[in-house]
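Once you scroll down, you'll see the structures, which are given as structure tokens.
Across the two complexes that follow, chain A remains constant while its partner is chain B and subsequently chain C.
Up next, the complex of A and B:
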């Protein structure tokens, strides 16, 4: 009964989210063990799902679970196929990684761990649902919990960032809901599979259908943070606690982009794009602008977390471009880039978290000479950064290569050129970081004020934890070893996934067969 | 708190105005007279909802409003102490557990998530219900045991959290533990999570 995995994957984290609160009445530190145990169970189930839908197992490569036993067009169904399984595995792996490093960094309250579990459950729900309205419900769960988690820092600016995200994120979800409403009026169904056939019957050039797609697209562009709808993202990522920015930057926009892929190709299908060249061109144009402007803005930032945040705007622009290209190659690249970007950003944000806990480094200038003092973390950040540029061998290479190849195959030379320019710009802003890390002598006075000025420096780093040799010097706050191990493992995974193109292609083959009949 | 919030005479600086509780015979008598009816109406709405107008959400909100009225009449702090933090947290979390339990047991019986008719072979004879009636009473159970409890608990928790206000993070609180909790509580008002951290301060 592999289809039973689907509701379990969503229900277990949501149910487990109550235990940190309930046990918190009696125990102060109940949150972390509960969250960790749940995440490991979820990771195990995710592995089983991935195995079950992969071609390596003999079973069917798509699972459907009808909630409450009501069949598809009437009831809500959960669907697991190769594409959603990849996302589910990514979500569960990043959740475990983030929790490992959260043990010592906090925010150490039981409510925080409840929130993290709710967020995991919501993301898994978005990845597994086969119903457009149900997707909205999970989108809202993810949104609300993200706002709360971002604000869980003591910093007042985090509350401001969360409020901004709340306004814009809720607007995005509402626009998506309006789109779903239009589609419901046009077709009378909410089930994704059923709507695909109904939309074909209504006709793709029907203004109602076009409006439905337009609203959904704009709603998701807000959630994914595509320029010019990205304004919530830099503040949210920068001022959130390090743990939260790693989790959210790696997963929240990623899952929204997955949902957009699902809607664009499974519900509206390539014929919709073929019938509406204007919409296709608009998607490509907006995506190209997002790539270039996001990279340029990243280049202009001084705060490192802000550099990474704007870099996400550019990277997701690339994924949106791949969605608009309607090429099998480009979409394959987009999915690889979704996974790769999630892992690379998790590495970079966690690495930045380690260095800011240890040395109070916030701006790129603060990173001057840190490679000598923290060689492992700096090295891994360099690996993930170069992967983000697309230097082979890395998962970043694969993603960009396939998207660019798809653009060339489709004759969209403009998009291919934009991707090339963005690679150079990415190299520039990652180069700034590398230059600071490896080739700049730390200015002693600057460094001291940087550490002393950060009042929270001592309180972030908590109990025990073995001191890593490289970070022990100069009376600097000790960092728990496991945080560095997580960064190393994630960085290595971004390199190791370079060899994963074939298994991923085999896994996505049945899905792409449906997308591009 | 660095300064007494109720003290309005600190010229120049703006202090947070905490509404001071005033005992009012009119309000207390009115609330005493009204709450039995509101509670009954809340339960009435809760217990309807599958086959008739009503529902767990609306009913839960009405039940929570009983506590809100008592807080206005008899003072927020004393109502909070009377109700106890554990009860508020318990309502929300146990509601989720009941809901999830009702949904997950059919899976253990080999049926789909939330499939109420899966209970029929097990409980049909004991309860003397027909198979189709399990759908109705299953929904009723989710509504009463799940949604009404969750909504009542969360609304009470949000009310008490908002009434307690936000302690500025730069505050010179003696122990860092409660400062961290306040930071979380003040910012997680969008979810149920604030209930316990909030109460931990008091």
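Up next, the complex of A and C:
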């Protein structure tokens, strides 16, 4: 019975995505309730799956479901183990959080909620599939919906960012498809588990196998946005509506990175890396460059959403480095950092969304002195920002610590040094935000926006609980309480997960046992 | 040298795949016109489809409908893959064209360089 969980997790959001549009023909505001109900059901199922595969329960530690009853090497297989369960929980939690804050921010159209559900379904599909071509299909579903959601902003630049993302994202997915084609020619199978044994039989130094991995790697690097293939990301994150930025930055690259981990360790396995030191070195080199350049570029930006976007380039460089290190410790760090980065970026983008819709703040300079006027949101952004730097106790510390520890264990002092440098650079750009928030006086009377100066009476309106839906004058829009609550809960979760290393390790133990035999 | 000739004559479908994909990719990068960029993207994907179809082909193979005594069969798997990938490709083209139309109504141009200038992209 419980193996029906896996297809349900994917099918429910995909099917429910029809209803916001269908019901929208009759009811104007049908989208939000449908999306929220579906996301809560999905979150419940995700919790059920995580419980079932966790060592605390007596059940099996891996679920396998053959779609339509076709047996494994021929049909498509869905696989749920500890690693995919962690991702599934992250996806469903962020989806609920984003929906809560989307109720008042919009973009308030039924099509938007359909898109959000499709995106959730696609991401869950990527997390649960055990078939290489099926992964491509879900990758493209996620891609297509992301382009549409990014363009759902009124800003014309959003369409430009989305089109740029479409060209690069499609190229990435197509390169991955070439890789799948090569692997199919080499082995004659598409099932991940089956391919792992077939690839071992073909031999890891076969040029076809090497080329297959190369194409898949480059394809995913485009999707994850690793420097120098990151150019779509800043535009997409900056011009997208705040809700969409939070959702996409927290989940889309994260799930692509998860898929890369799955392919690198479950399909090609550590022996492939051991047999091809050149590929391993190339991965580490590109990752290191991405970490440093991403951090530096983040430092140079003035627009806050752009700072966060480039920061993602650096953080995902760190995760790619952990993939290349082939160390159990580093990979554990990478998975924690995937989850942690998702939560931290969701907090930061949602916090920035709250402050920008309340005070119209866009650039780092616009955030000057906002800590006095919106203490809660600013405080939570500071918490998530410091977590991103890696200040303990936070989930950011854990991720970076284990990746760096893995690098030292493997003797890759270069990677360890790069992570250290990047931490300093992260401190610098987060420091700029904190300086603006807490230690800078807002520019005196700004006539254009009416943000600064005489609005002292309504100063903490952005954090107020009882002013929902009203406008507090002087261009300051009141913010619904639930948006603040979501930011607070997410920020607290980034701190609370500091204590989650042991349960996560127990959950990943069977998976790592398979990866590092 | 003989090796290259051998590849060109016996593996021409694979050569065509590489050429078609490379031309499509180049067109997508180098052409300034957004619609032509999308055409380039389509060409790139079509090249990949050709690769899959070629890999399934088998001399003397019959249609993969199993009957007693028939066979060898061509592999049906790559054809199914291509069918799915074509559907994905069409949806992508549709979204790409929709975005292009939106950019055109907003900025009145289809040229990528002009758009970059208006939007102030670095």
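Quick notes on this structure:
Methods note: the second predicted complex is superposed on the first by the 487 of 517 C-alpha atoms of A that agree within 3 Å, B and C clash if a C-alpha of one lies under 4 Å from a C-alpha of the other, contacts with A are read in each partner's own complex, and residues count from 1 in each chain.
Definition applied: a residue touches a chain if its C-beta (ideal position, glycine included) is under 8 Å from a C-beta of that chain, and two chains touch if they have at least 3 such contacts.
Please read all numbers here as calculations on a predicted model, not as lab measurements.
Look at A:151: by the touch rule set out above, it reaches both chain B and chain C.
Of the two partner chains, chain C is the only one touched by A:177; chain B is not. Set against each other, chain B and chain C differ in how many residues of chain A they touch, and the higher count belongs to B. Shared-chain residue A:235: touches chain C; no touch with chain B.
Of the two partner chains placed around the shared chain by superposition, neither chain B nor chain C is touched by A:276.
In the superposition on chain A, A:347 contacts neither chain B nor chain C.
After overlaying the two complexes on the shared chain, residue contacts for A:185 are found with chain C alone; chain B is out of touch. Touch criterion met: A:160 reaches chain C, while chain B stays clear of it. Residues 144, 147-148, 151, 156, 159, 162, 166 of chain A are contacted both by chain B in one complex and by chain C in the other.
Considering their complex, residues 133, 136-137, 140, 143-144, 147-148, 151, 156-157, 159-160, 162-163, 166-167, 170-171, 174, 177-178, 181, 184-185, 188, 190, 235 of chain A touch chain C. Touching chain A in their complex are the following residues of chain B: 85-86, 89-90, 92-94, 96-97, 100, 103-104, 107, 110-117, 169, 176, 179-181, 183-197. Partner chain A is touched in their complex by these residues of chain C: 21, 25, 28, 34, 37, 41, 44-45, 48, 51-52, 55, 75, 77-78, 81, 84-85, 88, 91-92, 95-96, 99-100, 102-103, 106-107, 115, 119, 121.
Considering their complex, residues 1, 4, 7-8, 11, 14-15, 17-19, 21-22, 24-25, 65-69, 106-112, 114-115, 118, 144-145, 147-148, 151-156, 158-159, 162, 166, 459 of chain A touch chain B.
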